[in-house]
């Protein structure tokens, strides 16, 4: 499958560049009969919008979504939902300098290596703005999952050395860095101030928890639910690591501790005493909370002087102009949630015929 | 694509259960004209064979591969290569106990939740033996990549708390835990002895380095080379985390440090001063060593008494019989290498037409 | 893969309904470095535009395409090319009648059966306007193939009982029915006049010839070039039959006659004396002209009174209002050519790594 | 997706060559809980076995299938079902002649053009024996569909100029050419006698009818049920044309006649008065009998002297040795049925989530 499509039944195809006419996504395979309007999408898009705080770029972009197809009488029809966000901030600008060299930490060089040339305006296709399509699609996936009672809680777990130590879900929307811990959020913001004063940038960890996922979702071999989630996460620009449940910490644990024991509760429901596995066993959901984390690298665009090369064969020094997010973690929170929702919904659609009795339930 | 197939052009389809008649794989899309024989495959399979040391199961299985198709005159023909490994160790045994309960840390419960019932003999399809097909296919991918000068170095980076501190490639094959550091290997083995005496198990980290990958491999959005590698790694049973380059450590770094500076060396070749990115920028290889890591959980099968449930609704205690690997990390090293090779080769085949000039080179 | 995407590497995703805001397509996997502008697309779209003759609907629609992404400095960048055509002719209209019943020969009933409800305005997603996206994408595929010297000749072979008897390529654009035979075209138009006077409609056969396709394109088993072409053709609304080369006529032939004999010409080039196979042997192109045909049914929308049912359980009589094409064959010619071009290009991209030496040519 | 895999959820991967060690298939995505044994498969395989009559090759091959995985306690487990048929008739033989030239009507030349060389023993991968895997998989698909009451009736409609004129389902198995008309069958056999005496061969048409398919199966755009069936049919070696319902005859019909009128019968069930559409409207099943036809070319292997070329640049005459089927139509009947069953089942699995209420039915 070509590189801008993700998913098999619920499949999304994103398009667009940072400084082209616009960006968008076609969402195919959405079940028919789900109430949906532009406001449902806009709410998600607004969570990744720039200019929300002083830790994100000052560009004022409306990022207003237009739904072009696939909705009738306020409901999804089962046919492709095409969504468009026009680029507004296309100030004419001189790109000749940025066109001439390769920015460290960016995809400039690798694009040239692969395609022979590149759209160098604002990062082109590898800009963070590419995620607009993912988030618009994620809003739909989340809505569909919501109809089945499945909910998400996604937030910043750490920025640089500052990690959230307490968890208060209601706190997340209260601070500019989307942390579930007000005190940690304050320290993180202080840390970001220092980064900015040093013309430097920070990374961090995003955590996503998914609740009320029924047991039995995902495949046992290559299309493990966690394998698909790992691809979804690592496909987000700047993500360099992915964990499920305890993640890398399991390597320091032992079997006796790491195995989650099963038990029946008073209502004779099967439960697990712990959830080191993060809700997935053998690639298939076990009915517990699904927990995943993505490691986001420090913003590559920094104002400090850097050494690099130009295309005419010289070693040079550069200073990248413009204002840049000192950290992209808070804006990427909704991207992580969107990709997780898209992945989960597709797995659920793919697995509907796992049992013969399910086919008979639908078709007989 | 159904769950037992991986890859798009170079695509592998594995099949088989732990205690069925056998296991195998069909490898489709292998370029024609590559010299290949059963010995090429066997060398890889022997790296994952049980009974290699006292840290792996004592089962004596030949795991002899038979190539059934796709080779003619000693070379690949471009048509599917079907490979079969018969199960030899199918001692008749009483499985009624294991059939009745759900082992903690295993996929027993989730299989039942998804499919309604399961092949409970030795873990069935979710057994570690499923990787036989992956490794047989990986041997082919590695051979094809070798024809282009691409090579792999894969090893155990850590077991439990013991991490390799030095790197001597030639040391890897010298110790039972496949570590590139003899002293760490000795400590790791001591740690495993303790685990075994406590009827417990350990996890660890596997690291894979790929050399001489040309720049320009991978796609910029969903099919990022690292995204596909992440799926490949997380699809291996027991893997709970994946990292590319510095991985989670980037979240503690900053932009100035984490950005790999480009420079031209004396031979006017473009180089990077550091490789925090692990050879991939924006999803596309940058010509540097590709580095990835997988976190492997402690073996779920342990001899200690555990609490769990049976299918008749009772909370019970169990003691899993049989000898089990106290750690699967060393045997999984070749599985990691295989999945990485398969992923890389498929990305290379998918990207051959990225430039119009390439099409003309092949077809005009 | 979800139902609105076609192709694996060169993959297109269409979206849009007859009377929604617009229609479009995202073309992914187009090789980078191909000169492309809106005019290239418009030329193709104009070939399917309504209002070209009195045998097509009188709706005046500009169907002006806008390229939203994927082009930079006048060349394809290798990233998705998103194209949009706004619907202009969205007169407010009363659809309550058409919403209440199922038109014979249309997808009204089957949409309701599948999705539970439907966008009934002008056929919604199953309108002929859906092909706008295919044609816009086909224009790109044809352009890329043109860079390799591959060309198309597509035309109306028959309308109702009238079949072209001579072949003059230059004649095709000269008559309203796109026939390569002026006399037959005149007879066909007379036949259509009769159909119209009887409030009836006609079908016909479209033929597509592709020249200068190198030998070796296509796969030997499921992804035979002809198999993929057959899917491409049958996916066009109203197509009920597909033939390659002599098609159904082979069943009346015999082996001695139907086998195309090979010979070397004076320039020692391998040739075939005949081309009953239509340029494809065992699913793979043999270097000869590729010939395919699609059977198009008579337009389902006719003004005559018809019997059908409404959704409230009654058997009723209906008269479908509005002007309708008495035949869609001429407008579908460019759709056939587009789908053929898309299929062929994707097969060429998929097959670039069929030989090890090709990989070395590109990557070493 | 690579070329030896067909289907998305219910997906089959075939492998093997005519004169290699064996042939087989891996069937993935089969719903769990379906009773299945080797005898179910063997019944299908026996329908394509050589040596059934004097119109098929005299080779005595058992073609005994062995199920290697995916079945437990007599039922499918939802995991891959691997099936193997060993080649028995591998008489050592001198292939040097056949290796040196290109047989007319065969894929010899196109294989060389694509892959650089070929397995020339008995046609290698493009042998009719490749269909063994399809038929073994088709047996499973038919079994699953049977659980939902869906049944098939497939037969020879014509051989050369002889077409079945009456339809008696019970007659099909009574004659060597699988025709539903005893008199036509007798004439067809006489025609074949003449072909054989002239060292020549014949083609024919296979027709497949599928009953009790619920309305609503298939997708409205590229994955139309008929589009997928067309690919399935054309992917069978020797098929050069495909029709749905009235097929090419629709081009001679008119709208008034070709539109199938809907009506409610006495039981208030929606029915169609005619079925020109062959049970599919707009790519989606309409609840009526699905009707499709495949045109099969005359067997390419004939004993008559033919002109062709050798690989050393000479125009030569050849006489292909061995006994060959004068017609492959009767043996291909079960291949057509198998591919139709596989396609239909996959479409049903893909479409289970077309409506939101279906998701809730399965997951809530």
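We call the chains A, B, C and D, going by the order they appear; numbering starts again at 1 in every chain.
The rule is short, and it goes like this: a residue touches a chain if its C-beta (ideal position, glycine included) is under 8 Å from a C-beta of that chain, and two chains touch if they have at least 3 such contacts.
None of these values were measured; they are calculated from a predicted model.
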Most remote chain, CA-based centroid, reference being chain A: D
Pair of chains joined by more contacts [C-beta pairs], C-D or A-D: C-D
Between chain A and chain C, centroid-to-centroid distance (C-alpha), Å: 37
Chain centre separation in whole Å, for chain D relative to chain C (CA means): 26
Length of the line joining the C-alpha centres of chain A and chain D, rounded to whole Å: 44
Touching two or more other chains - residue numbers and ranges from chain C: 1-5, 8-9, 14, 29, 32-33, 78-79, 114-116, 125, 214, 220, 354-355, 357
Complex interface listing, chain C residues touching chain A: 1-5, 7-11, 13-17, 20-24, 26, 28-29, 32-33, 66-70, 72-73, 75, 77-82, 84, 114-119, 124-125
Of chain B, residues touching chain C in the complex: 8-9, 29, 31-34, 76, 78-79, 144, 147-149, 214, 220, 348-350, 352-364
Touching residues on chain D, where the partner in the complex is chain C: 1-6, 8, 14, 102, 104-107, 109-111, 113-116, 125-126, 130, 158, 160-161, 195, 200-205, 214-224, 226-235, 237, 240-248, 250-256, 258-264, 268, 270, 273, 277-278, 280-287, 295-302, 304, 306-309, 313-315, 351, 354-355, 357
